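Both of the next two complexes hold chain A, though its partner changes from chain B to chain C.
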Partner chain A sequence: MNDSLIWLFAAPLLASLLSVLLPRKAVLICLFAVSITLISSLIVLSTVIESGAFYYALSGWQTGLAISLYVDGLSALMLVMTAIIATAISIYATAYFHNAEQQRFYWPLWMMLLCALNVLFIAADLFNLYVGLELLGLTAVALTAIDGKPEAIRAAIRYLVVGLLGSLAFLAGVSLVYTAYGTLDIAAISEQIQVNFYSGLIVTFITIGLIIKTALFPMHFWLPMAHANAPAVVSAALSALVIKVAFYLIIRLWLELFSDFNNVGISYLFSTLGALAILWGGWNALHAQRLKLLAAYSTIAQIGFLFMALGMILLLPDGEVRNTLIGGTVILAITHGFAKSALFLAAGIIQQHAGHDRINELSGTAQRLPITTFTLTLAGVALIGLPPSGAFLGKWYLISSVVAEGLWLWVAIILIGSLLSAAYIFRLLGHAFGRIERPKRLLAIGREEVPALLLALTATLLLAFTAAPLWSILENASGVYG
Partner chain B sequence: MLSTQLIYGIAGIVLFVLSLRVAFSTELFLRQVLAINVAGAGLFLTLLSVAFKGLEQPADPIPQALVLTGIVVAFSATALALALGKKLAENSPDER
Partner chain C sequence: MNIGNSLPVFILLSSLIPGLIIFFLREESRRLRTILNISGALIKLFLVAMLIWGVQQEQMFETRWSLAPGLEFVLHADTLSVLFVTLSSILWLVTTIYAVGYLEGAPHRSRFFGFFSLCVTATIGIALAGNLLTFVVFYELLTLATYPLVAHRGTSDSISGAATYLKYTIVGGAILLLGVIWLQTLTGPFDFVQGGILDSLPSELHPQLKWIFVLLIVGLGVKAALVPFHGWLPKAMIAPAPVSALLHAVAVVKAGAFGIIRIVYDVYGVEFAYQLGLLTFLGIAAGFTIIYGSIRALSQDSLKKRLAYSTISQVSYIALGASILGPIATIGGVVHLVHQGIMKITLFLAAGNYAETLGVHKVSEMNGVGKRMPGTTLAFTIAALGMIGLPPIAGFVSKWYLGLGAFEADVAEWVLPVLIISSILNAAYFLPIIYRAWFKTKDGEWPQESIQAGALETRATLLWPPVFTACLALAAGVFAGSVFSPLEWAELIAIREYR
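Entry: the complex of A and B
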């Protein structure tokens, strides 16, 4: 059933082109394509669970000529996460747009974005990663600007310029790889790669390019504007998936291809940048005036947690503790994907319902939109990392490894970061639960509220209770690209 | 002719570095877009010089394929950038 790998990107790609040709049927076509990616991602995951990681050469060409794809436990989990979130976002989007023109542009671009995401999770050579990153960046920028408001366009322009600089750095790294090693296949490079000045340059360029894309402090400055000004249905995909895929590439490359370059300095560098991101993002989220801005700053803080965990992974020697922490980091990333998309979708509902998303004026939201407020609460629980959310497990393993290494400053920062996220979530909920005199309905806009709620439930409950199999799936991720 | 290859390669790197400097030092959107384009061209020049295998042998096709893809990407990115800039200029005439 390895062929289902093709449909992960072929289905959204075809849907994107078809929905340009047949704009009236766009919604149906795209929902069909999204369900195909959901089914294929589940098939891929079950294949990986049964028979382990596998290579796939497109249309049967021999290695070296073919576009090669590679799936292991980590990428299969990411694919399933992406497919589930994409399904929820797509259902939500059918009710979100009230402007025909925006809707006409939204579906092709969103499908292209999904195609790029799936390509990035499974591509096994650097050049396809570059093409995927460019496709991802361009569609993300176009989606940011989709409602045509001047602030959104200004944010999109900044996003575009920064994104292009990131891809340029990545491309420079890729070019250097080809001049040095004569191949772009990741498995082939990892057999040859040597630690010297030239390869150091490669590692630097590629890492900087990806750090810009994943908005790690101090390369985060473009994120709040872009994520807060894009339509909610777009921000959900940007924050939950687009940022995450760049982090996935960093963790993948550093654990496999660049593992020889790993040293104490690098791991402290990642952890320190992560720590600064946690503090900066948390502090600004606490002071954000608008709900979507709060969510955007919270993304920066969450990326900080992921990088702090990455630094710890690189610091730890191979073994049980390290593998547990890798599992914890992945579950933290996946929980953030579900929780943040739920938060942004809920923010979109509130914004449409109240006409604004100013946090101080959200009184009565709990009465008017009880389900959405419940979604906000669940997503908040997952973002803070309270039990039983998946993030609790992730942070638990992170803290225990930090304590085991005796890095007390990091312990303090993780705790402060969690306190900050608790503070901004409770500040939000405090306003949302403010009472007003109003008639109320339980479910205002079902097609929007239910997908958001399901995402939040997944983040808070499902992931915690199904966490155990995750580690066994990740064991298939060992080895350097096969 | 190794030296020609070297000249092309170094020229590409110089172009790349110079235009990155411009891209970071200017606030003007159009200048940034142009600088990024020139930086891309510098990279392409370096990559193409790597493809050269001497006059007797055909050049390595892979870098050429990469550059071709890169040019298409740079073209679409520039088009998107200009479209956004135009839209912004229409919506708020005092800026550009």
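Entry: the complex of A and C
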């Protein structure tokens, strides 16, 4: 079963190399690799459900020398989410590109990105995390610039600089760790780490590095340009997965390795940054002129909700309430992954049909693409957090914890943030009702519209009604790596 | 599998499945769409009949589905759900038949009927919800399903009307959700229970419970159009007639009123709510709304707007009944849930007939309309007299019980004036219409006569639904004392609530 763990990153890595060598077969090779990661991730998840979290040293070397991997309930869920979204994006991408050259660059880079994502979810030492982050950052930048338009290049360069800044901060933290403890294995560090000025510095560097990568307010400024100007297939992966993996690392490190550094001040800091992100992102999304820009600002707001929840988790004492909220935060993150990728893919379809994505001029297009409009609606329901959707459950627990703690300012911000998201989503959907005749065929481009629709359905109905096992799966997170 | 327990699920599916299929039908497949709609409605009625029978025998119908720790999706049928489910199912059938005729040849019919079925599904879900979480799920779904119906015509007016509707209901939904979650943090998960459950909480929580009550009532009051949260309702009048009829009689407004009943009787418990002093708050809100709606209705020349303000006023009788302690007032409020529904749907369907057949939209254009459309006008007259409270029509029964209940609870000194003033106002805005329709002679041509009179005054699908519901309104009053009448069922609810 442990082989599945290796295939998770080996398959996309091999596919990336092969698709450079055999560009004509690239699509087939990559689809094959993606389906392998899908199957592997499901095997990994079922292994975790059956026998709990497990630790794996690559090529049989001992801990500390070998590349070590670790999977528990949380990482297994992230792997499955990533694999499903990646599958949908890949199928969509087979119909998306009309330019052979772009396609030639896209597939190897996309596979490399997928490889980096999976490495980050399962790596159990800081060095591999650093390598994974660098690989992720560079491929993401290259993908952003893929269509070669001047705005895209400018956004990509900014993304590159900020990304390097993040990696640099992370690397600084990692090298301090190595100097202090002589190891980069997370399990080994957690046995030695103590709260003092020096280790405080480590925590600060690593956290800042990851905050930049996850675009938490006020480190969010690079995101709208990058996500709005990249091709839709790329934006979907950037918003749903790339941002999410950095958040995953923060929650993982703060619940485990850094848990001794937790105090009320830290938890309020995270919640406050989250609150500002919710308001800033929501306000700008409401005033965005373009659909993809709206989606990008909405990502900033959604990351805000996740950090608001993280702050609350850190505030709560160990126990059932806290575990339930952790589950709620995870389902909020997963729902956002599905909903946001669906939104970007739908935006891509609309952009291709209309030749632009200016919201005020979309009426006709929205009515000519009923299935895509439906996808936008479902994704919107999940982003607002209306029932039925996974986000509704997540927000329920978030509001419930905030109310129980009596933090009424946070209650107000969560409600205002949700109303802002309702406002920008319905501003969009208002264009779906006009006087244009319904087209004869409901589906315009099946290979693009169906994957987007399935992602949106997952975010709403599937996650709303079948997510109950998630909380028991998360109990398989053993607390500390290894 | 036990069919009995999953009966509520099947009742939901009987409108959900046809609705989902209809979305994918071509515009031209009129026959298939109608067959799906009507058979869904008939199956639903059959299932509801089984449900009525079972609930009367005190059989338990319950389906549970765990969504997350402490969050359960519960469908169950008690006497109150049955009342609302029955009303919705019957009126869905009637309105569907009407809508088929009304929308003949109009564009986007598949979308319309799809959302129409979803809207009914959400309403039925609200009726069958077994706890607050499930209630909120369907309550929000109702918002989502009705928005496209209000926006249906796609003109800039209807889109802005729908946007106003959405602003009110989304904010209301958020306030309701906050109240529900807050309550749940104090109590943990619980189901609706006749008699309520909150009286067992320690008294230091009582101040919080009062705030929560206010949040819940405000959240529900937006849909129930309690003043000052009623602003969306007149604007949503832009919707096609069958939608307005459904919105005012069963779906949106009634969902809010139904929620208020649930909160008062099955969450707080009416006696506990009385002890906390919350009923006075609710009673004042309801009484004020009753008078305010009636006064505003007086000055409306647009027939649909006049009916809209009349709804604002009439629906608050339900909240008024809930705010008076004692079984008789309870009966009056609960039974009005049904009575207002059948009378108001008649009025709206009749108004739709005038507009569709003759192009008559305004009260001032209605002179002599009774001669041209006697069936429709007769139905309108019966329903309007019922609204005023004339015996033996249904509305009289509601008002009678509300008045008696006020004496029983010793609050007659303010409830009775409200009832009397409102009845006078009802008469003042309905009687002139009836007078114009029957006794004045028509002046000039009709504004836009698009359906010529043949054997019938208008299309059969337009004529028979309001006539049928008018008969129901009459029957609900005349046979109020017989078995399975709305009144008898409301008595059953009151008995189980106060035992």
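One rule holds for everything that comes next: the second predicted complex is superposed on the first by the 473 of 482 C-alpha atoms of A that agree within 3 Å, B and C clash if a C-alpha of one lies under 4 Å from a C-alpha of the other, contacts with A are read in each partner's own complex, and residues count from 1 in each chain.
Operating definition for what follows: a contact is a pair of C-beta atoms (placed from the backbone, for glycine too) under 8 Å apart; a residue touches a chain by one contact, two chains touch by 3 or more.
Just so we're clear, the structure is a prediction, and the values are computed from it rather than from any experiment.
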Touching partner for A:396 - first (chain B), second (chain C), both, neither: second
Which superposed partner A:327 touches (first chain B, second chain C, both, neither): second
Which superposed partner A:127 touches (first chain B, second chain C, both, neither): first
Dominant contact partner of chain A by residue count, chain C or chain B: C
Which superposed partner A:198 touches (first chain B, second chain C, both, neither): neither
Which superposed partner A:178 touches (first chain B, second chain C, both, neither): first
First (chain B), second (chain C), both or neither touched by A:156: first
Chain B versus chain C as contact partner of A:408, first or second or both or neither: neither
Complex interface listing, chain A residues touching chain B: 127, 131, 134, 137-138, 141-142, 145, 148-150, 153-154, 156-157, 160-161, 164-165, 167-168, 171-172, 174-175, 178-179, 184
Of chain B, residues touching chain A in the complex: 16, 20, 23, 29, 32-33, 36, 39-40, 43, 46-47, 50, 62-63, 66, 69-70, 73, 76-77, 80-81, 84-85, 87-88, 91-92
Partner chain C, residues of chain A touching it in the complex: 320, 324, 327-328, 331, 381, 386-388, 392-393, 396-397, 399-400, 403-404, 411, 415, 418-419, 422, 426, 430, 432-435, 437-438, 440, 442, 464-465, 467-468, 470-471
Of all residues in chain C, those that touch chain A in their complex: 24, 26-27, 65-71, 73, 107-108, 110-111, 133, 136-137, 140-141, 144, 147-148, 151-155, 158-159, 162-163, 166, 170-171, 173-174, 177-178, 181-182, 184-185
